[in-house]
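In the two complexes below, chain A is the common chain; its partner is chain B in one and chain C in the other.
Now for the complex of A and B:
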């Protein structure tokens, strides 16, 4: 009996559990059915679905009262692949409150998130306001570049992404949107062709020399391209033994410059004296062999003539970067050697002479005080 | 005897002072530039007011030296005193034998000192070293000073050679004047710390007899002639 009872009790509780499971299953199923599209929707396009009803239409634009046409199309796939894919439109366009917009939404302010000390980055924001670009922004110059003008708006990417507008490979093009003449020169230069045509990653681009956020005018002593600082910028690569070997760059350019009068005057703070870019140019840097190069023999007189009045063909007769310790400089090496030997031997003979003189004076007792002036 | 005689006239002493001031200034401003890779030179050039003022000072004293050299040239050519001094300091064969005699004496191989006239072989060496050195310095210095004009007629490598010679010749003059001359005339134990001759122009007859025996004998015989 006892066992029967227990069996009955068991079968009773088993029936109850089955019902609960059935309900639970239904609830779970319906939850999944409801949740799936929600999840899919949020993944594919976050809360910018509504905005894209208008802004997602290619060719969406508006004619402004002043006659300008505002392109208002937003490329959805660009947005979805940007680093900000998970943000809402209004996270950046914070002044958009209603649809249709009552007034033209303002420029996006990146510092809402990228403020100083934000762990998500934006330390550079501080530097940016010290820069020539940042100062123009503070002065409300309409042409001043804001963050998004370089980093991209809806297509903003991490800097190491090949899609980023400020990627090492792409940044020159980005700068060139405003700095056209410099860009045109750069892409023809040995640096530009190395990076853009031959895809040598170590080749410099705009930011390598000018800096990134803290770009300053060349006449600012803190600028990386201030006349006295140019040599430091160039030596980053041209004194780098590894790069010199790998790409067969002529070595000893910096050390020979430092030994020249130009280099010494530069070291002691003369901003008038020639630095690297005075002769090699800043953007259109080309090897000597190139007829367009400022240091090609045919153009050297003109290049030197920027400072040396009436410079003529004599400036081409001789080396510019002279290593006095190298035999390749012929007569200079031997004259230097002659004088070094002459100086050392003169010094040696003089010291011997002085020592001998002292020795004899000591011997004859002159120094010791006795027999002074005696023979 | 505590008598002394005039060794350098007032004219010579003034020339000497102008020379030493310009040489010191040219050395300080020039050598710091040649050996610029050390903190002392950096300090020195900053003290001189930077690279541009350094050049200005160097050129000012270069003009002083050039004017002095021109004056000296006229002095030795056209004045009796200058001409006599030039003759006295002209190198002669005796200077070579004097050098060997002195060498033997200093080595202790001989007990007899050579006897010198007014200027001994070292003093002649120093004088002519400075004369030749200065001529080279003035020529190369002017080429470098007016580099734009010189490069109108000279190729760049000649300018480089000029610069090299100017620097090294400066070193040589510095050695001759500041190591050799200073020891020989001023710092040696005989007169340490300094011979006063360059200030008062006088030398004691004792020292004259010891160091310039022939000159001493000559002055003595001149005096005897006068007394006769």
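Now for the complex of A and C:
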């Protein structure tokens, strides 16, 4: 304000007025330079206004040489509500240099921004290239899924947004686009119906078990669904006391498994032995009461028969997840108790006998040595 | 007076001859074993050799050797005179089979019983994983089953086996012995109970192994051939077998390590252990101390025969 007053006061002097104008011009120019991008950012749409001249028209498509029709329509509102709303079209479609572009633009490379050491998403990118999907991408497999195949192209959203394709609710559908049989099984399973039909947020979806970016094949020891690691995946929820109480899930599944021979062999690194998914299946997991379930009494012999030859109806006579300390096991509990009492009483008596024997030997001087005996 | 004129060498020769003559008659009777007979033969011939080659320069060395041999021989004869063959060769082989199999079974089995302990994980890694552990455990099992079969045949067809089995049956005297022992422990009685061939301690050990064998082999076979077993029995039979196998294993292990090891290794009169399991023999003193009734019976029997 002070400078403005002085400018007004000395405006009569022509030379001085010229210099002040010059300064004023510079100040104005710098203000415009600073303010313009801010204004542009706040009103994003003009940035892709030009591209939308063509791509904004519904039904904009192109017939490719191989006979396929390429949809080229871009939904403006989708773009405006995506997390990348403030970016230029050419920020992602970096190979478009002129309008109209003569070449078909290449696949968008998200790695341009989400590169290593970039805090805005370097970790997922790094993990992705180690995963089974990322390896296919590096091998230039035409079927390999790129970032945009899961996260969406123009409609990319934050994960916690309900519109996101990789949202907890939607990711199963996204995975199912390629993994159809698994998706079909999943949506029938207790997990799928809980999440998709009953909208229970804690219910697991694909990524809960398989991981997000670092998805590995089941035969890779680092994979979360490697036979030895399956138990860790399931125990995330099935050993969670809060979830067990809230949703009335049968408890003690993991602890009883660990007590069984299957669990012990699993603990010692046997890959052959049955883990959770061997009996309960991986995707079509259903409660025992469901006739489709692999652990339904009617199907149990068949399920056990996958490993155990001659498995018959005898396999269903008796519990599978046995808590040896529970009275509900009937005879098993009493046999355990019988042996407990037998062991404790026998050993107590034997121990007393040993102590008395030592006591007697001490008294008669056998232990103390001959010299001390008489003294 | 003649002695004075004898040379030193001649005197030595006489001594040697005496040695040889002292020992020679022993060869005939007393039922010396082959090794002793060989020792006697060697000594005699060497003595006579020395006698004949009296002018050898190394005569003093020969005498020294003769002396050492004589001492060794004396000891051996002393030992043989006062020992009693407690366990015959079949009995000893059975015991070896039993302890070898039990050691294998305990080492390979305990990690399964306590899968979460770090020692178990270490043992499992030494054995090379659970599949190798399974093979080793089954090898132990075959040896143990072999022992039981051997023992049954021995008990039926061997004279000593039949006698031992009868002697091992519990009698009312065992209960009396236990009370006598308790009295002795507290100083109310001056003497230990007089045991026959098997004390109540040994009888307990025998019948514990009998009971353990039935439980362990029975349940073990159900688990080994679970696919066959489960085609005949419901699953809870398998579960019972598993529970019994696991619990009885712990009971047996603790009994062996605490009770049996105390009785045969750690107790002050036995420490660090005797070799009865190897040669099966007891000295007269041990016999009188531990099995006085049997000793008396044997001595009486011998006297009776002599008469």
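To be clear about the criterion, the second predicted complex is superposed on the first by the 324 of 375 C-alpha atoms of A that agree within 3 Å, B and C clash if a C-alpha of one lies under 4 Å from a C-alpha of the other, contacts with A are read in each partner's own complex, and residues count from 1 in each chain.
Methods note: a contact is a pair of C-beta atoms (placed from the backbone, for glycine too) under 8 Å apart; a residue touches a chain by one contact, two chains touch by 3 or more.
Small disclaimer: the values here were computed from a predicted structure and weren't measured.
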Fit or clash between chain C and chain B when superposed on chain A: clash
Partner chain(s) touched by A:326 [first = chain B, second = chain C, both, neither]: neither
Touched partner set for A:118, first chain B, second chain C, both or neither: neither
First (chain B), second (chain C), both or neither touched by A:315: both
Shared contact residues on chain A - chain B and chain C: 261, 264-265, 267-270, 308-312, 314-320, 322, 324, 331-332, 335-336, 339-340, 342-343, 346-347, 350, 354, 356-361, 363, 366-367
In the complex with chain A, residue positions of chain B that touch it: 33, 36, 42, 45-46, 50-52, 103, 105-108, 113, 147-148, 151-161, 163-165, 168-169, 171-172, 175-176, 179-180, 183, 188-190, 206-207, 210
Of all residues in chain A, those that touch chain B in their complex: 261, 264-265, 267-270, 308-312, 314-320, 322, 324, 331-332, 335-336, 339-340, 342-343, 346-347, 350, 353-354, 356-361, 363, 366-367, 373, 375
Chain A contact footprint on chain C (complex, rising order): 111-112, 115-116, 121, 124, 129-131, 133, 182, 184-187, 226-228, 230-240, 242-244, 247-248, 250-251, 254-255, 258-259, 262, 267-269
Touch list for chain A against partner chain C, complex: 258, 261, 263-265, 267-270, 308-312, 314-320, 322, 324, 329, 331-332, 335-336, 339-340, 342-343, 346-347, 350-351, 354, 356-361, 363, 366-367
